[in-house]
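One chain, chain A, appears in both complexes that follow, with chain B as partner in the first and chain C in the second.
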Partner chain A sequence: MRSLRGLRKLQGLRLYALACGTVSLTIVFTIIATLFLQSLPVLMAENTNLMGTHWNPGKGQFGILPMLFGSLFVMSIAVAVAFPLGLLAAIYIAETRSSKLRRVLKSFLELLAGIPSIVYGLIGVAYLNIWVADLFDLQSGRVILTAGILLGIMILPTFLTLTEDAISAVPVKFRENAKSLGLYRHEVFFSIILPQAKTGIAGAGLLALGRALGETMAVMLVIGSLDRLPKPLLNPLSSGQTITSKLGREVPESAFGSVHFSALVFMSLIIVCITVTLTIVSRYLFRKTGADV
Partner chain B sequence: MSRTFNIRYAKERGFAFIMRLSLLICAGILTFLLVSIFVKGIGAISLEFLFTSAREFGRSGGIIYQLLGSLLMVLVAILIVVPVAVGTSLFQYAFNTKKGIAYLLEQSLYALNAIPSITYGIFGLIFFVNVLNTGISWFVGSIILAIMMLPTVTLSTYQAMTAIPKIYQENAAALGLKKSQIIRRVTLPQSLQGIVTGSLIGLARAIGETAPIMFIATAFSGVSVPRSLAEPVSTLPTHILELAQQSTDPQALQNAWGASLVLILLVSAFSLLALFARSYLRRQGRK
Partner chain C sequence: MFKKFGALCLALFSAACSAPDAIYVSGSSTVLPPVSKAAEKFSAETGISVIVNAGGSGGGFNQLAEGQSDIGMMSRNITSGELEAFKTINFTEVAIGRDAVVPSISSEIYEAGVTLLSISQIADIYTGDIRNWSEVGGPDRDIFVIDKEANRGTRQVFMDVVLGDPKAEAAGADLVTGSNNEEQTALVQSNAGIGMLSVAWLNDDVRGLAIVLPNGKTIEPSIENIRAGTYPFVRDLNVVKRSDLKPSANQFITYLLGPDGQKLVEESGYIGIAN
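And then the complex of A and B:
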């Protein structure tokens, strides 16, 4: 009798756990299926020029190229700002091997990584865009460059800590051996540390890329929201639009079920595919190094 | 001989120099961020700012309803997510024997973590607001934030479960405890620190989110405490967003800084609590 009750309790627990597992597993598929279903109308509609450069919902033209280009452009600027700075600073922190300095810096960086993106947006609006406007003598500082720099600053703490972890994970004895051979710091780094830490660093980079692509609020406030390709194409001082800033601005204005709404959902699906792929690849790289994220 | 030595030495000096320089630049930027938020925010914060409602579209008055709205939404979200997260990690830890399903579940949790926050907003808008026809509602916002927190809380709980020493289970089994008793008496209490830390970290992230809730759960002005599940609230992040868009108005900007500082203090409070909870509960668990 007693054992029967125990068994029933176990069955209850098992059912509860199974239900929760199912829910967790289905959420991500529900999200992707929903996005896909809602993207269908624009994929089926004719003459939408989906891969064109003109976005004009009134005329039924939904060229997503300016937004896609804007996202990639802003991301590249962010990477150009964050990666060299973050990598060099991470080497310095990791190689200094002062555990006190490391701990202080690490907690400081975690605090910064926790700052909500809207606050970065506020900083962009209040300072950065004015500085950019003054520096380049522009009428408005709400340009691609501002968004890129702001995004670079946003991903810097995350990239720095993860890179530092990857570099610190290389065993001390390699460093000691190399140093005892009389190698200088840059030689130790480039010939000993880098070959071992590079997958971890690449993983950190991809994760930061994913963050940069998916970031909405800060970019939306400073990019100027202009749905055209910059002229000339690589001019960072013109206003632009990223996929996420477009979504933030236009989703509230579009009617649910319209082709316009569907085009926006389609862009969101593209971004999801890219960021999920980046994360899965970076997970694979981290696993290869054995680092724990 | 001496020539090559000099080149190597120069490279060493150069490398050391640019490393120091980058660290200095990083530290400079990041210190500037914190200091400017703090200095600007302190000027705006007063008891009146914290405890009165917003007036003139946020230009004057305080943030009491935004503060309450933010807290209400994330606290309800955590109530929704904890049972699901604990069940999921229990499933993964104690009941699931299929490697394939375990792998799929883990990957889909990481995928969930990777989805950009604005996409959650769009998903909520399609699935809840339009298909299920809930309208703009703070409760839908809580559900969406709960989904966003799910990976954090689940992975943290699961890690705590796998960290329980094998000997605890073996001892419990040797004493004749049934599997359900082991789960309730050993697994769950021992993984409490993972649940609590994961929840606090999830809270710290969720309270600062703007993009997932701005389409589905919030309204800007004229909102007080909601009387039903289907009413919008106003939150700190969406309030800052509105004020930042009126950035030419110094009064609005001032209030935006105040709200930002309050938000950051909340985020830091949750993170610090997570840190303390981890070390305190870990010590308790090992007693």
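And then the complex of A and C:
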């Protein structure tokens, strides 16, 4: 009797887990389906120049190219800032510090990752923006470079802590064997540890990229909101716009169901597709590291 | 412990449920200052809470139309496109004050001698045909052109006068801002900027330009000229209501139009509607 009740309890638990799983899956699919459906009006509408460079909702022009380019450009700058810094810092923490200090340093870094993005945005507006303006003698520091640097700082903790995990996950026996063969410290790192950890590091990079692409508030405050391709194209000192900052600024102003709204949804569909791809690839890479060790 | 927590939750929940009595107002950051001051006084007098949010004229209209707010604030008139999008609803605009959009420049340029511009010069700056202050009598410095988000009332009033089309694209723009505060900050931080601000946002760091009319007459952005309507960028500050307005919200609009409300409109730097 008692075991029967236990069994029932277990079955109840299973049903509960099943329900939870179904709900979360449903949410994901509903979001993607909604994005698709809401994107249709702008895809059906004529003369919207969706792949053009002009965005003027009042005139029915919905060229998303400046925003798409802006997102990728800002992301690349963020990567250029965060990856070298993150990688070197991770090596320093994982390879040269004691495990006690490592734990302390890491918990601080993880604290950094938890700071709300609007706080970074405010710091960007108050200081970074002015520093960039002074440094390059600009009229305003609200430019793509500022957004890129700020975003780089924001994704640094995520990248750093995951990279450090990947490096520390390389088993001690590899290091000890390598050392006993008389290899120098840098040789141990570059020939033994890095090859082992590289898929994990790549995965960390991709997750950080996903965060960079999805970031809205901080970028919105410092990028200058100019819906135009920079001139010349790779000039980071010009104002720009990312997909997310565009959404943050314009979604409240667009009427639900209008072509304007639909164009904004279409842009979010693009960004969702990119981040989903990044997440899937990074998960695959993480799994691979797990199997290797 | 959990009982206490539960009781607390219940209390919070019931407090949240009583909120629908509040009046929700949102929209133009230009109309916001007098309305939020009035909201405070109105709440103190009547006990009805009024929640005021910014977001721009376009946002204010959409929230009203979608039923998320009771009153929209707009610093421009409702466009035919907006009316078209919500055909089934009846909107009424009520002017609570009068304001001017003033082409504004960084104080450095103003002090260097640029105190007035003609409308065609401003147009050329925004289309990118004039790129240096020296072309309009200022120092040899690139003009930093600040535009505003397309749906902002201030921008539509400004562009309507300057380029003859509220939705005109400004090819010369270097930066796009949202609210008056944001635009003001960008102008202050720059030393060669031009932008558009409501008259209430001008100060020593951000100076308003006098306008040379096509007939050669120069009009200063003074309160008298705005009141008389001779300054070219004068506009009404509106609150917008729907026909299904709730009585408390109607009472608030009456308050805005009454002597107390109008006093606050003038204190905010605008012109009262009774004048």
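Keep in mind that, in the parts below, the second predicted complex is superposed on the first by the 268 of 293 C-alpha atoms of A that agree within 3 Å, B and C clash if a C-alpha of one lies under 4 Å from a C-alpha of the other, contacts with A are read in each partner's own complex, and residues count from 1 in each chain.
By definition in this document, contacts are C-beta pairs under 8 Å (C-beta built on N, C-alpha and C of every residue); 3 or more make two chains touch, one makes a residue touch a chain.
Just so it is clear, the structure is predicted and the values come from calculations on it, not from any experiment.
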With the two structures laid over each other on chain A, which partner does A:L181 touch: chain B (first), chain C (second), both, or neither?
-> neither
Using the touch definition from the top, say if A:L278 reaches chain B (first), chain C (second), both or neither.
-> first
In the superposed arrangement, does A:L234 touch chain B (first), chain C (second), both or neither?
-> neither
Return the chain, chain B or chain C, that is in touch with more residues of chain A.
-> B
After superposition on the shared chain, which partner residues are touched by A:S24: those of chain B (first), chain C (second), both, or neither?
-> first
With the two structures laid over each other on chain A, which partner does A:P252 touch: chain B (first), chain C (second), both, or neither?
-> both
Who does A:G121 touch here: chain B (first), chain C (second), both, or neither?
-> first
What is the contact status of A:V104 with respect to chain B (first) and chain C (second): first, second, both, or neither?
-> neither
Overlap of the chain B and chain C footprints on chain A, listed as residue numbers = 252, 256
Complex contact set, residues of chain A against chain C | 54, 56-59, 129-130, 133, 139-142, 224-228, 238-239, 249-250, 252-256, 258
Chain B partner contacts - residues on chain A that touch it in the complex = 3, 6-7, 9-10, 12-14, 16-21, 23-25, 27-31, 34-35, 38, 84-86, 88-89, 91-93, 108-112, 114-119, 121-123, 125-127, 153, 156-157, 160, 184-187, 189, 210, 213-217, 221, 244, 247-248, 251-252, 256-257, 264-265, 268, 271-272, 275-276, 278-280, 283
Spell out the residues on chain B that touch chain A in their complex, using ranges where they run on.
-> 8-9, 11-12, 14-16, 18-23, 25-27, 29-30, 33-34, 36-37, 40, 83-88, 90-92, 94-96, 101, 104-105, 107-123, 125-127, 130, 147, 150, 154, 178-181, 183, 204-205, 207-211, 214-215, 237, 240-241, 244-245, 247, 253, 256-257, 260, 263-264, 267-268, 271
Complex interface listing, chain C residues touching chain A = 55-56, 58-59, 62-63, 65-66, 81-82, 85-86, 142, 144, 147, 149-151, 166-167, 169, 173-178, 186, 189-193
